[in-house]
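Both complexes below contain chain A, partnered by chain B and then by chain C.
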Partner chain A sequence: MVDLIQLIVSGTATGAIYALAALGFTLLWQASGTINFAQGEFVMLPAFTMLICTTRGVPLWLAFLVACVVSAILLGIGFKRIVVDPLIRHGVIPLVIATLGLSIGLKQLVKASYAAEAQPFPSVFPAGQFPLFGTHVSYSDVGTLLIAGLIVISLQLFLKRTVTGRAMQACAQNMDAAKVLGINVKTMVLYVFIINAVLAAVASLLISPTYLAKFDMGDSIGQKAFFAAIIGGFNQTSGALLGGVLIGVLENLIGFYVSPAYKEGVALVLFMVVILFRPEGLLGKAEERKV
Partner chain B sequence: MTTTPSFLEVKDVRKAYGAIKAVDGVSFSVGPGEIVGVIGPNGSGKTTLFNSILGQIKPTSGGVEFCGEDITGMSPLELARRGVGRTFQTLQVFTHLSVRDNLIAAAQEFKSTMPARLFAAPDAGLGHHADEMIEMFRLKHVAHLKAGTLSYGQQKLIDIAMAFMPAPRLVLLDEPCAGVNPSLVDQLRELLCELNRTQGGSFVVIEHNMDFIMKLCPHVICMVEGKVLAEGPPAEVQANRHVLEAYLGN
Partner chain C sequence: MKRFAGWIGAMVLGVAATAAAQNGPVPIVGLVELSGPGAVSGTNFNDGVRMAVEEINAKGGILGRKIDYTYNDTQSNPGVAKALAQKAVDQNAYVVMGPVFSGSIFVSMDVTRKAEITNFTGGEAANITQQGNPYIFRTSFTQANAMPRVARYMKNALKLKSVDIIWVNNDFGKGGHDEFLKAIKADGIKLGADVSTDQGQVDFSGAVLKVKQSGSDGVFVYVNEEESARALRELAKQGYNKPRIGETTLTGQKVIELAGSAADGAIAHVGLSPDAPIPAVRAFAERFQKEFKYKPDHNGIKGYTAMYIVKAMTEKIGKFDTKALAAALHGAKILVKDHPGVLMDVSFDKNGDIDRESFMTKVENGKQVVFETLPPLHPF
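Right, the complex of A and B next:
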């Protein structure tokens, strides 16, 4: 029982980080029909931005702010203007190929210019554990859960309770109608790209102390975030959260009670089951397409 | 043609797709507060004309002026900011938003600047106006339901209410009665008359329901094969031999 509580708390914390990256997938898809297979590298790059800053004596909180700004500019505005805008009019496939290429390019860039080895990354949370319901949970797990949860809730409130959030939802649901009603669709889509980049920077801050900063750390995160988005429902932001947490918790439970060797396969198996029996995702809604 | 000062001026608009002339030299004008009906058989170029006026497609030649300004080829966003709205043949509501949020979303962009909207109240100061429109369109009992869960007729009413939320100076309505239960058609016509009276905007209405258009529009244009075949008061157009031939065949 004690193990179970520990496993669930730490699994939920890891899952919440997957959810942050998965949220980016769903937001980009809803706002612009973009599937970004470089999402994992969008998490990896801020880790190295923060590392460059901290190795020069910049405190971690300031390094994180720098990483957010750099990510917003390069991975938000730059990614949209240079990669997405010229390609999206040609359909999803050229964009998928381009983001796969971008993923390889970013990995090799970091590998060649910084290091091929994993780099230790400072944690925002103190080391150690504290007692909870008769067991011990780490400050890191609880802190990660709180920060990720706070960000997901804030994002949901922003989308549902603010004027700009409503405009973003309107663009995601019906771009033609939004244009006719005077909503600046281009700006709303740009906001989504910036939000995605900042979410990735937050995920980077939370996961890098565990995964260590490495040029290929995005492979696993990007893949699990993609699976999480599909498991939860690609057209539902709340689905990304559910998918992420499910993967995180099940990975921990299978890894502990069955074998650590099966841990990495959990997301894939869950993804296949959902695709077979509920292709729109657990919380997703089936979409009608005109042919 | 109208004797009131010109408000919308469509000048010799042409739109060709290769050898096919979808719109072939159409000219007409609409005065302030005027309601003009556009009728014609399927494929006569009515919707292409609308799309050419509203920047959805670029006309091959010709021009469109609104309040003396050349608006030819302007984007729907630029036109919306000048007070030009439209509805489409197909439903264009935000299905996952509530009815009330649909109406607020339809007007919120005209309330303030973009940075100010980031910190604006959730209803953007439009809650009262949205409630008035909901009352007017008899949608109060479904105001908090998601638009996508409602019937086609109710969604059509939301669609039209959305077009009028920002109190536009000109609205182009593309087949407002299409798919609407006949019992709602009279209600819709009364609503449009009331909006014309209270908001004072000009309307251009494409419609196949002759009874609806004859009762609503003091001026009617009949298009056939991309050209204006006849125009004038509804009774006159309805009695026109060429119009009858176009509809019924020789």
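Right, the complex of A and C next:
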């Protein structure tokens, strides 16, 4: 029982990080029909931005803020203006190919300009554990869970309780109707891209101490986030959260009770099962399209 | 007449080209992991070779000929390593340096063997040198030599009755795992949790939890550099407070750098250490750090000394004949007093396995500290 609690807490913490990246997938899809296969690299780049700052003596909190700003500009506004806007009118496929290319390009850029080797990344939380309900949980897991949870809840509240959030949701549901209602659709879509970039920076801060900052660190997280978004429901932000946590917890349980060798396959198996039996995702809504 | 003049011209050119090849730079080719999971090991190894080549060339080369060292990135991929080995053969390499990863050398050494080219590797898997390949030579201990030393230390110094193992499921890890199990069995230490992990694995939470729950007296961690750092971080994160022992990688400089304070207290047997209590090794480490702006690990020393071993033995045989070089290396003893570049007295057996002193190390305040020097298996 003690093992189970520890595994669930640790898995939920990891899953919450997947959820942050998965949220980006669902937000971009809903707002602009964009599937971003460079999402993993959007998590990797802020890690190196923070590293560049911290190696020059900048404290981690300030480095994180710098990374958020840089991400918002480059991976939010820049990505939308340079990659998405010119390609979106040609449909999803060219954009998917472009983001795959962007993923490779960003990895090679970091590999060539910074390093091919992993780099140490400071942790926000202290090492060690503390007692909780008869078991021990690490500060890192609980801290990660709190930060990721806070961000996800804040985002949900923002989308549901604020005028801007509702306007963004309106754009996601029906752009033409949103325009008729006087909503500035272009600005709302831009906000979504900026939010995605900042979410990726937060995920980067939380995952890099474990993954270590490396040019290809985004491969795994990008893949898991994509699976999480599909499992939860690509058209539901709450689905991304569920998908992420489900993958994180199941990975831990399978890794412990079956074998760590099967851990990496959990997300893929879950993804296949969901695609076969509930293609719209666990919390997603079936969409119909006229041809 | 014109045709005759053409023949003469071609022959002169041919002779001139042959003479130039015999007196020009000697091609030595590196197959090294500059990206992928082996980037830390390969970069260190390659920089060690480069530094030695620079020094040797600055002093006139080997037998009056300069060394032309070129290197290619295997991407830590055995398939790429094999293709690059063929390229090295096509370049008429006198010696091939690398790869460092056991999985890659297993595949690439077939190519150098067929071409009868002497090949130095950083791989430690026991069976690399058990296949009767007369052209393969190690730059570090085989696992069959190293693991009994680790087990003996666990039994005598740490008084462990049982131990868990976290190992990487590749050729390097599997070889080490099997040799370790044999060694602890011989020393009467019981095996607790036996946890295999993947190469490049990023999350060690499940593995560490298994180890924590097993209740053994300590854990032996046998994974590559980056994974060693991640494992140490996770062990610290989960408050693991029993001995953490490794072989070669666990207390390496890059692991310490990546793991930070989580590496403190880790113990490992290492064949080579930049902090070894040997002035020549420390002087090398200082020069290396000055040139490449980072502290070398054991792989840096492997690459550096391998190049000086080539120099020493080539001078001994008096010609650039790669087959003769391989033959001379079997059973060779190379002493520092004759060849300072080898840094430590070294010998090779009939299989190409290396023997020399080794060290027990511990991480203290972010630094690797050598606390015991172990003699060679076969004293000189």
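Methods note: the second predicted complex is superposed on the first by the 291 of 291 C-alpha atoms of A that agree within 3 Å, B and C clash if a C-alpha of one lies under 4 Å from a C-alpha of the other, contacts with A are read in each partner's own complex, and residues count from 1 in each chain.
The definition used in the following text is that a residue touches a chain if its C-beta (ideal position, glycine included) is under 8 Å from a C-beta of that chain, and two chains touch if they have at least 3 such contacts.
The model shown is predicted, which means the values in this text are computed figures rather than measured ones.
J.: Figure out whether A:L7 sits in contact with chain B (first) or chain C (second), or with both, or with neither.
T.: second
J.: Mind working out whether A:L282 is in touch with chain B, chain C, both or neither, as first, second, both or neither?
T.: neither
J.: Is the number of chain A residues in contact higher for chain B or for chain C?
T.: C
J.: Should A:H136 be classified as contacting the first partner (chain B), the second (chain C), both, or neither?
T.: In the superposed model, A:H136 contacts chain C only, not chain B.
J.: In the overlaid three-chain picture, which partner chain does A:R166 touch, first (chain B) or second (chain C), both, or neither?
T.: first
J.: Answer with first, second, both or neither: which of chain B and chain C does A:K263 touch in the superposed model?
T.: second
J.: Of all the chain A residues, which ones make contact with chain B and with chain C?
T.: Touching chain B and chain C on chain A: no residues.
J.: Flag every residue of chain B that touches chain A in the complex, lowest number first.
T.: 54, 75-77, 80-81, 85-86, 88, 92-97, 101, 104-111, 114, 117-118, 120-122, 124, 162, 166
J.: Please name which positions on chain C make contact with chain A in the complex.
T.: So the residues of chain C in touch with chain A come to 34-36, 39-40, 43, 169, 195-198, 201-203, 205-207, 209-210, 213, 226, 229-230, 233-234, 236-239, 254, 257-262.
J.: Which of the residues in chain A come into contact with chain C in the complex?
T.: 3, 6-7, 10, 14, 111, 116-120, 122, 127-129, 136, 138, 140-141, 209-212, 214, 217, 220, 251-252, 255-256, 259-261, 263-264
J.: Hey, which residues of chain A end up touching chain B in the complex?
T.: Residues of chain A touching chain B: 161-164, 166-167, 169-170, 173-174, 176-185, 187.
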